[in-house]
Amino acid sequence: MNFFILSLIKAGIIAFVFLTALAYLQWIERKVIGHIQLRVGPYRVGPHGLLQPLADVVKLITKEGVLPSHVNKFFYLLAPFLAVTLALISISVLPFGPQITIGSVTTWMQLTDLNVGILFVIAISSVGVYGVALGGWASNNKYALLGGLRSSAQMISYELPLALAVAAPLLLANTLSFREMVNYQSGYWLGFIPRWNIFPEILGFIVFLIAAFAETNRIPFDLPEAENELVAGFHTEYSSMSFAAFFMAEYANMVTVTAVATLLFLGGWQPPFPEPYSDFVPIAIFGLAGLVALYHGLNPARRMDKFTLPGAALLFLGIAALFGATFFLPVLKPILMALFWFCGKILVLLFVFIWVRGTLPRFRYDQLMRFAWIVLFPLAMFNLLVTGLAVALSSK
Amino acid sequence: MPTSVPTSWYLILSAILFGLGVAGFIFRRNIITVFMSIELMLNAVNLTFVTFSYTLKQVDGHIFSFFVMVVAAAEAAVGLAIILTVFKNRGTLMIDDVSSMKY
Amino acid sequence: MTALIFFLFAGIAVFCGISLVAQTHPIASALSLIGVMGSLAILYLQLGGEFIAAAQMIVYAGAIMVLFVFVIMLLNAGAEGTSLRVSAFAKYLGMFLLVAFLGLISFIIQAMLPRTEGVVFGAFKGGTTADVGMKLFTVYLLPFEVTSVLILIAILGAIVLARKEI
Amino acid sequence: MTLLDVVIFLPLAAFLMILFFPKGSVEGIRRFSLIASTAIFIFSLGLIGPYWFNTPGRWTFVTDLPWISSPAIRYHVALDGISLWLVILSTLLTPICVLVSWRHIDKRVKEFFAFLLLLEFGLVGVFCALDFFLFYVFWEVALVPMYFLIGVWGHDRRIYSAVKFFLYTMAGSVLMLCAIIYLYTQAGNTFDYVRIVAGLQNGSIPLDSGPQLMLFLAFFVAFAIKVPLFPLHTWLPDAHVEAPTAGSVMLASVMLKMGTYGLLRFCVPMFPEAARRCSGWIITLAIIGIIYGALVAMVQPNMKKLVAYSSVSHLGFVVLGIFTFTQQGFDGAVYQMLNHGVSTGALFILVGFLYERNHSLEIASYGGVATPAPNLSIVFMITMLASIGLPMLNNFIGEYLVLQGAALVYFKWSVFAAIGVILSACYMLWLYQRVFFGRASDEVSRHMPDLNMREYAIIVPLIVLMVWMGTFTQSFIPPISASNAVLLGPIDAGRQVRNSTPPKGLRAQQNRAQQNKAGAKELSDAR
Amino acid sequence: MPASFVPSATDYLRFLPEIIMIAIGALIMLLEPLLGGNKKDSLSGLTVLGFIVALVAAIMANGMPGTSFSNMLIVDGFGTFFRVLVIGVGILTVLSSAQYLKREHAASAEYYALLLFSVTGQCVMATANELIMIFIGLEISSIATYILAGYLRDDKRNNEAALKYFLLGSFATAFLLYGIAWIYGTTGTTNLMDIRAYLLTPGVQRNMVLAGTAAALMFVGFAFKVSAAPFQVWAPDVYQGAPAPVTLFMSAGPKAAAFAVFLRVFMTAFEPITSRWEPFVWSSALLTMVIGNFAALSQTNIKRLLAYSSIAHAGYVMVAIASHSQIGVAAAMFYLAAYALMNVGAFAVITHFSRQGEKFLEVEDLAGLGWKQPVTAALFTIFLLSLIGVPLTGGFFGKFYIFKAALDANLIWLSVLGLLNSAVAAYYYLRIIVVMYMHEPGDSTVTLQPLGAGIAATLWATALGTLILGIYPSLILNFATSSSVLAK
């Protein structure tokens, strides 16, 4: 099939899934935070608030976009656009699974592969700061400006440990391509420990994760938008779609970062167990989830549960059945298994993000900078040195 | 429209950018913009290196432009620090105002 | 296709370059410069400079220019006045000289370079990270190491010039 | 190491020793300087030895040592008949200047005498250096102390004058340096005067007429500034007026001779063709200088300035003599150099005496000095008459020889030049009348003691010398003419090569030249 | 291309001076927090020690000439000459800085470290055999000097100096790089010897225009760095504005190093196309001398005056380059050595003289120095006479050799005009002497502190050097001549 058409199809699928996922990520976050704080979170719109993201989107679109009179219009409008565009671009080089064949078409589960994919992601993420900085500056508002400045300083500072942490697995795998990186992580030590980079690079992984928090302006590093000091920071003046764009950028960045972490440290779509066992895991999980839902649906605690939980159970069991069907339809297997493990790992990491947000307080600004330069940077450096040394010694 | 362009066009592009950088250096009054014009010139140089690397099928040009980038980064750090001190002492970024020494 | 990409991004680069020089506000100039850098990165890719394209984005657009933007914001530098610091005559003379210079360079380039075949994407594959790294750590080992002194100086300079008290 | 080296380096040694004297011991410094300079003078008298009764070979007291290997610079010094007297003139005037400055200089005494000795080092060196480079070095070395002498110890406008003096000389000397370097390359990497002159004469150093003219002009301008020749003379009156007495004396008596010596030693013999081509112009300038200097001297209200302009006039004679290219002209020029050194030096000293007494250089503030100071007026008169060129006194001989040489070539030149002699009588006598005759004002008579012992010691030797040089010319002339004949050689040779018809008046000269040649041959045979 | 390149011990030995200076620089920065307030004086001692060890290493390295690090460096007599020269300038700078820094309350490890690094860059330049090394060495030296120029950052003039130096320096770098890019494109290499070999290949005539253009662009870059006209505009402001000891340093060290690369590039790589670059150098040399000398005539600030004089001296060296001969190279080397000595000496006096906030720097402020501090004044006079070019000083022989080289190359008018220029120059130097000796002392000299030990050492060393070069120049000249044969 034509390369362009194929790419268009892939891009369409990815964009659709990804944007929907972003919307629901917010729902998940609100839910999880709600439960951490012993609330229920969104509950009204749709069953368990499942339609809440949709409602939010409608609200944001229909709201009046306020253009403050004192802003620098061009840059004010450019900033959110820049932020969201740059955040979404990185997705294009991330692989979601191995090479697959559907009918006569053989393709990778990836929009495009670059030899320097990892560099590309770093490059894009390093440019990502402009959206925030520019937005803060163009608002012509001192809180926004301070937010923008803080964020640019913070992002530059944390980019270093981030990049250094990334460099260590690159040394091990000797590649800059995500695919080869994942391939490198296939197989098992002693037959059951997956050859993921997280094991030799646990320090690098931790540094990466912490820096990732800062790069995405998440708590405990969300200084740029610290509500109580900066009145929401760089996007104080933004409303309506432009506000949504900033929000989307933030969540997209989160997804990207977790995806990169997965690909670099957690073996990408490689299952954590050897082949035959791993195949049963999704069936078990979805089946169990379906059964639990069914149980609760049959013994409803609330009135609505009578309809929603069996529906959910049906869905889960259906998915379990789909995975079961892979035993008979080998075509589906690589797609589904890869997607399962990949998304699963991402979800776990995203949960960590949310979890941290629910539990940790915010740093002070000087502590934040100090942490980057005095703790994280040397750690990443040390990690890189040790890795390099090990690689050099073992290659001889 | 031709399907491909000769390398000399890339070189002309770089010459144009270099010239624009020179023009910016000469005409602009804001110190930071002047500095950015220099960066534009360096970028033009890099394009020349990469283009020649392509023509010569060598990687050396890339390495040279890599060094140019590193040096540009160092220069930016120092240059911006200098600009900060100037601003701190004089409260202006206009290059004409920074001339306490006269003939 | 190659030509299309070239003309597109060369056009963007030149437009942004002119914008850099013509804009009165430093932020606008900075963004124009980023635009130039971005389009040059694409052209590098086209010329087989994978690594250098990425480095261009990371180092130039991602680090150096952020620093610029940061400083512009920090100083809250306003737009320049409309009057340039040179007289109108000098301005036009300068423009003329610039055009003349460019024309000359273009002529020299066109006339002197041997006729080259068009740029084909992928015709030169020697610019991968591996190639760059291999050369960098063998032949160009010394400059690479010496560059670290440069970085040290830059850090030192920033400290000397910008810290609170000596 | 010859006696000449001793004479050259003793001043330097004395200079260095003075630097180690404590600042306070003024008397000690003065005494030391006097003793040292007198000793040097006595040593230098020893240089006459070989010339006492005969005219020895071309160069005496030759020292030729390598100094710098590349480019080949050598320490090459030697003496001939011309240098001999100029060296002795320098060494003679230094102790006299020390004595002159004995009381006159009361500030920064140490530095003053140090510079005086350094100046002597440079001057002596200039007159015996036979390596172009060495010559240039000495030339510049002499410049610096003089600059300080004028600038630090001079009168009101001393700084202006000092800088003007330095810059004029510097401008000329860089041209000379340029020419020297060019010559070095052309001559096959040598700075040696003897070799270069020989090479130029026998044609082994190729030099077309174009470069030759340029080289000649480069040297000529440098020397002409120093002489100073008419349009380049403007630094001289300033420098003389502002300099302290000792400075004026050294400047007038010796430093100006550096220029004429250079013309004689370098310009003319090395570039005879070019010299001949330019001689008409130069002689015109010289004659203008003679008359102009005299006329300007006549209207000066300031004694020193008057003497200074008279120097311009007198040195015009020297240049005139040189560019006649005749034996008589050359001899007269050299003799006139010595004469001028003695008599003008004495004049400056006497003006200095007057200044020490009345603290004024304006002629108008004097009058009737003869009454309170008869002895002073007598020595002044003798000196003045010498300067005018009265027979039996020294200047007469020099001027006569020069005029004779000029007349041999072109009679009208000597007529014009003779006007200068007449004019000099006018301004000198008028000066004398205004200063010494008439009724002495109270102020003058109160401040005008007669000569004391120190002043006698200064002036009497000079007076004696004037008379001696005016009467016993033969004590001085033979070595001079012998050397001059050698210098004249290439010019005559060049003349014979020239096949064009000589200009009007040159015919007589041509005949004369034959005789000259014969004379020179006789002289060389005599050796 | 060697697949794996492991540097040998020789490689490191040839690079040892730089390594030593870098190590000492890092050590100094590490030591500063450990040392108490009083012991910080020892940092300057350590710096001097580092320089001396590096000097020894440089001389030792000369014993095993050759290239190192895959042809990146070349250790030869030429390189060693300039290495020794810039390290020497470094030592003298440290010696004359201590008192000044104490007075300005600005003594710190960074100053010495930057000095060491800057000299490292200059050493790299001196021995670079590859355009990339030249570029990096140049940048190390320049950037460190930019910082030093603005070292007293609360002083307005310091800021301004740093800013102007920086902006114009970077501008020049861009030109240099553009030239390098073109020469790379034309010849396919950045190695000086390979470039030369390429340009000598028959049948590359077509590319000569390109190479000439590249040479012209690189010339612009170098001309900026050595402050040659018409690219000298930055020098007066920068020299005047920078702290006095830094001015001392940058008027000698970076300039000498820039000339070293200038010479090496134009006399080896671009030698085959001499006819194309010679007119630039020729006219620039003339213009530089004229502008420098005539602009200096009207200066009242002594730093600015010496800045213009330093421009003029760059012009003299350019004359040597314009004569494009081996003698010319030797002459330029000798001149730079003499120039470094006399200029460092002169600026050391100014360092001694300047007061808090760069006060007392008008020429008139020197009034009466000759009698208040006769030794200082006498030494200053020696430097000034040397700058004029009076015989028996280094400056004279420098000029002499340069104009001799020019005359050998048949540049007669250039020499004549150059020498006349040096006569003009005499005027403004003399003015300083006049003021020192012939004017009555004013406030500035009356309140002058006694000469510090460091500056005194600098002054004596440079004066002695100037005189030695003037009386017995063969000492340096023979070495310069023998090492002016650049590897080709």
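Observations on the structure shown:
Letters are used for the chains, namely A, B, C, D and E, taken in the order the chains are written, and counting of residues starts over at 1 for each.
Convention: a residue touches a chain if its C-beta (ideal position, glycine included) is under 8 Å from a C-beta of that chain, and two chains touch if they have at least 3 such contacts.
As the structure is a computational prediction, the values presented were derived from the model and not from experiment.
Think of each touching pair as a link: the shortest run of links from chain A to chain E has 2 of them.
Looking at the partners of chain B and chain D together, the chains they share are E. Of all chains present, the one whose mean CA position sits nearest the global mean of protein CA atoms is E. Averaging Cα atoms per chain gives one point for each, and the point farthest from that of chain E is the centre of A. Comparing the centres of all chains, each the average of its CA atoms, the largest separation from chain D belongs to A.
Across the two candidate interfaces, D-E and B-E, the one carrying more C-beta contacts is B-E.
Measuring from the averaged C-alpha position of chain C to that of chain E gives a distance of 30 Å. In this assembly, the C-alpha centroid of chain C lies 70 Å from the C-alpha centroid of chain D.
The geometric centre of chain B is 6 Å away from that of chain C, both derived from CA atoms.
Between the CA-based centres of chain A and chain D the separation comes to 99 Å, rounded to the whole angstrom. Residue positions 51, 55, 63, 67, 74, 105, 113, 135, 140, 143, 147, 150, 153-154, 157, 160-161 of chain C each touch two or more of the other chains.
Counting only residues that touch two or more partner chains, chain E has 132, 136, 139, 143, 146-147, 150, 153, 162.
Counting only residues that touch two or more partner chains, chain D has none. Pairwise, the chains that touch each other are A-C, B-C, B-E, C-E, D-E. On the side of chain E, the complex with chain D involves touching residues 371, 385, 388, 390-392, 396, 400-401, 403-404, 407-408, 412, 415-416, 419-420, 422-423, 426-427, 430-431, 433-434, 437-438, 472-474, 477-478, 481. Across the complex, chain B is touched by residues 132, 135-136, 139, 143, 146-147, 150, 153-157, 159-160, 162-164, 166-167, 170-171, 173-175, 177-178, 180-182, 184-185, 188-190, 236-237, 240-241, 295, 298-299, 304 of chain E. Residues of chain E that touch chain C in their complex: 1-5, 7, 15, 18, 22, 25-26, 29, 68-70, 72-73, 105-106, 108, 110, 113-114, 117, 120-121, 124, 130, 132-133, 136-137, 139-140, 143-144, 146-147, 150-151, 153, 162, 206-207, 209-210, 213.
Within the complex formed with chain E, the chain D residues making contact are 68-71, 108, 136-141, 143-144, 147-148, 151-152, 158-159, 162-163, 166-167, 170-171, 173-175, 177-178, 181-182, 184-185. Residue ranges of chain B in contact with chain E, taken from their complex: 11, 18, 21, 25, 31, 34-35, 38, 41-42, 44-45, 48-49, 51-52, 55-56, 58, 60-61, 63-64, 67-68, 71, 74-75, 78-79, 82-83, 85-86, 88-90, 98-101, 103.
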